[in-house]
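Written out below as structure tokens is the structure these notes cover.
The first chain written gets the first letter, and so on, giving A, B and C; residue counts start at 1 in each chain.
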Amino acid sequence: MGEIPILRIADCLLVSIQVDMHDQLALALQDDLTRRIVEDRARGVLIDISALDLVDSFIGRMLNNIAAMSRVLDAVTVVVGMRPEVAITLVELGLALTGVRTALNVDKGLALIRGAIDANQRPDARRKI
Amino acid sequence: MVETQSVALALIGKHNDSLLADWIGLQQQVETRGVDPARRTQMVEYSRQFLHELRRSAEAGQSDDITGPDWAPMRELLDSVSQARATQGYSAGATATFVFSLKEPLFELLRRELGRNPDQLAEQTWNATRLLDRLGLYTVEAYQTTREAIIGRQQQELLELSTPVVELWEGILALPLIGTLDSARTQIVMESLLQRIVTSGAEIAIIDITGVPTVDTLVAQHLIKTVSAARLMGADCILSGIRPQIAQTIVHLGLELNVVSKATMADALGLALRRTGKAIVDRSRPAEQGS
Amino acid sequence: MPVEKSENMPVRSSDDVVRARQAVRKHAIAAGFSLVEQTKIVTAASEIARNTVDHGGGGTLRIEVLREGPRRGVRLTFVDQGPGIADISQALADGYTSAGGMGLGLGGARRLSNEFEITSTPGRGTVVTLGRWI
């Protein structure tokens, strides 16, 4: 069990990263989230990083991994609240967040997830591979 | 060097008042900025404190290494002098003159008192000049630091005044860039745009470069980085006002802008409004023309 | 540039990596770095610290705050006695596609620094020095 709490709102999982994470904690979060997506049949994962003053390549890879795993499990991942200085540094670092959608805050993030889920569920929506 | 220092120090202590008076008189002579009672009082006070600290620090310390802890009060005094002078608009030279102008009355004093012993006079003069040189140089450096800080602040204010980020509509920001962009300025401007995105919660930022005559590689790269950073944060950018020459430069430099561009800010605003789910309705048209 | 202040610390565990980040942050703030500059050097430190732990078998970090008149900087020196890097230019050039590779950290840290130097001898160890000025 990791130390980062995972909350459930309807069919979404909400994670708020508040601490200066060391690597083991990040890996534990990855595992916990994947497990919970299956257990709770979650369709969306919202990761709030507004409290993070740093995102390095390890945490970046963690976010990419979470997005990749949730996509396999038919869930949408949205990262919200990235701070400007963190965004500038990530761009400079050269790390691309692939398969991760972003929003300014939790509200907009949930709306984004809602929109993506509904789009997928429409009868005329194309099936994703 | 306590032994030899103390001769000069003792003399300064013995003749403190007259030395101070001579020094203040000399400073007033070279003062080109007119007589200002408040400044004169300040200068007198600084001079008095300087002599006091000079004796105190040299007595307490075993060396004349002015970076040591014994000289901390003196350094603080010189910091105050430099800051005051920098803020009052003095030049670096005029500020350091505060220290260097002490040499004339001091050497005069040494010559009067030690004239009969040329070796001792030479040694004391040499030690004194070395010490005052170091203190003078320290003053110049402290002055530089203050000036840099003042200039930095002024630049910041100028920047904020000349590149305001405007909220065109709820959720839509615009950054009209004007004038030549250099790397440093672009960086600052972009950072403030990103900050504004957070505080306003705007999901779209229109970066307008109509008023920018040329764009070089560095500036283009900053623009690209800003757009990428905004995306990571959850906002999108629209570039507007790219003139034909700039478009050519960008293609010529082989840069991938990877951002939606519109010819004018008006077009960009139209797009932004549509993206945020707004529609503009012409109320003068009769109702059956459209819903 | 004269060293105004310095601090040494071990980098042997992932807790040390977190401590290293915090120490670098503290010194960068004291040196007057802006928020963006702080973030860049702390992120670079995080990358190299991690490499030191994961690939270098643990090592040490020396943080130096430098000052020459109005110019200030922070210099970080990471030393380990690990297996070393056989092909440095390859490690630096590695794209962000190599999972678990060291290249991600090295190249990225270099991009975030004004000064970057790496010496490595296979079987003997690695020294990475990076610095940022304002």
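Here is the rule we go by: contacts are C-beta pairs under 8 Å (C-beta built on N, C-alpha and C of every residue); 3 or more make two chains touch, one makes a residue touch a chain.
Note that the structure is a prediction, hence the values are computed from the model and not measured.
J.: So which chain is the furthest away from subunit B, centre to centre on CA atoms?
T.: The chain lying farthest from subunit B is A.
J.: Report which interface contains more C-beta contacts, comparing B-C against A-B.
T.: More C-beta contacts join the chains of A-B.
J.: At what distance in angstrom does the C-alpha mean of subunit C lie from that of subunit B?
T.: So the centre of subunit B lies 29 Å away from the centre of subunit C.
J.: Starting from the mean Cα coordinates of subunit A and subunit B, work out the distance between those two points in Å.
T.: Roughly 41 Å, centre to centre.
J.: If I count partner chains per residue in subunit A, which residues reach a count of at least 2?
T.: If we look for residues of subunit A contacting two or more partner chains, we find 84-85, 88, 92.
J.: What residues in subunit C touch two or more of the other chains?
T.: Residues 36 of subunit C touch two or more partner chains.
J.: Give me the residue numbers in subunit B that touch at least two other chains, ranges are fine.
T.: 191
J.: Residues of subunit C touching subunit B in their complex?
T.: Touching subunit B: residues 36, 69-70 of subunit C.
J.: Could you pull out which subunit A residues touch subunit B in their complex?
T.: Subunit A reaches subunit B through residues 80, 82-85, 87-88, 90-92, 97, 102-105, 108-109.
J.: Using the touch definition from the top, list the residues of subunit C that touch subunit A in their complex.
T.: Counting only subunit C, the residues touching subunit A are 14-15, 17-18, 21-22, 25, 35-36, 38-40, 42-43, 46-47, 50, 96, 99, 104-105, 107-108, 111-112.
J.: Quick one: in the complex, what on subunit B touches subunit C?
T.: Touch list, subunit B to subunit C: 141, 144-145, 148, 191.
J.: Considering the complex alone, what residue numbers of subunit B touch subunit A?
T.: Touching subunit A from subunit B are residues 191, 194-195, 197-198, 201, 203, 225, 228-235.
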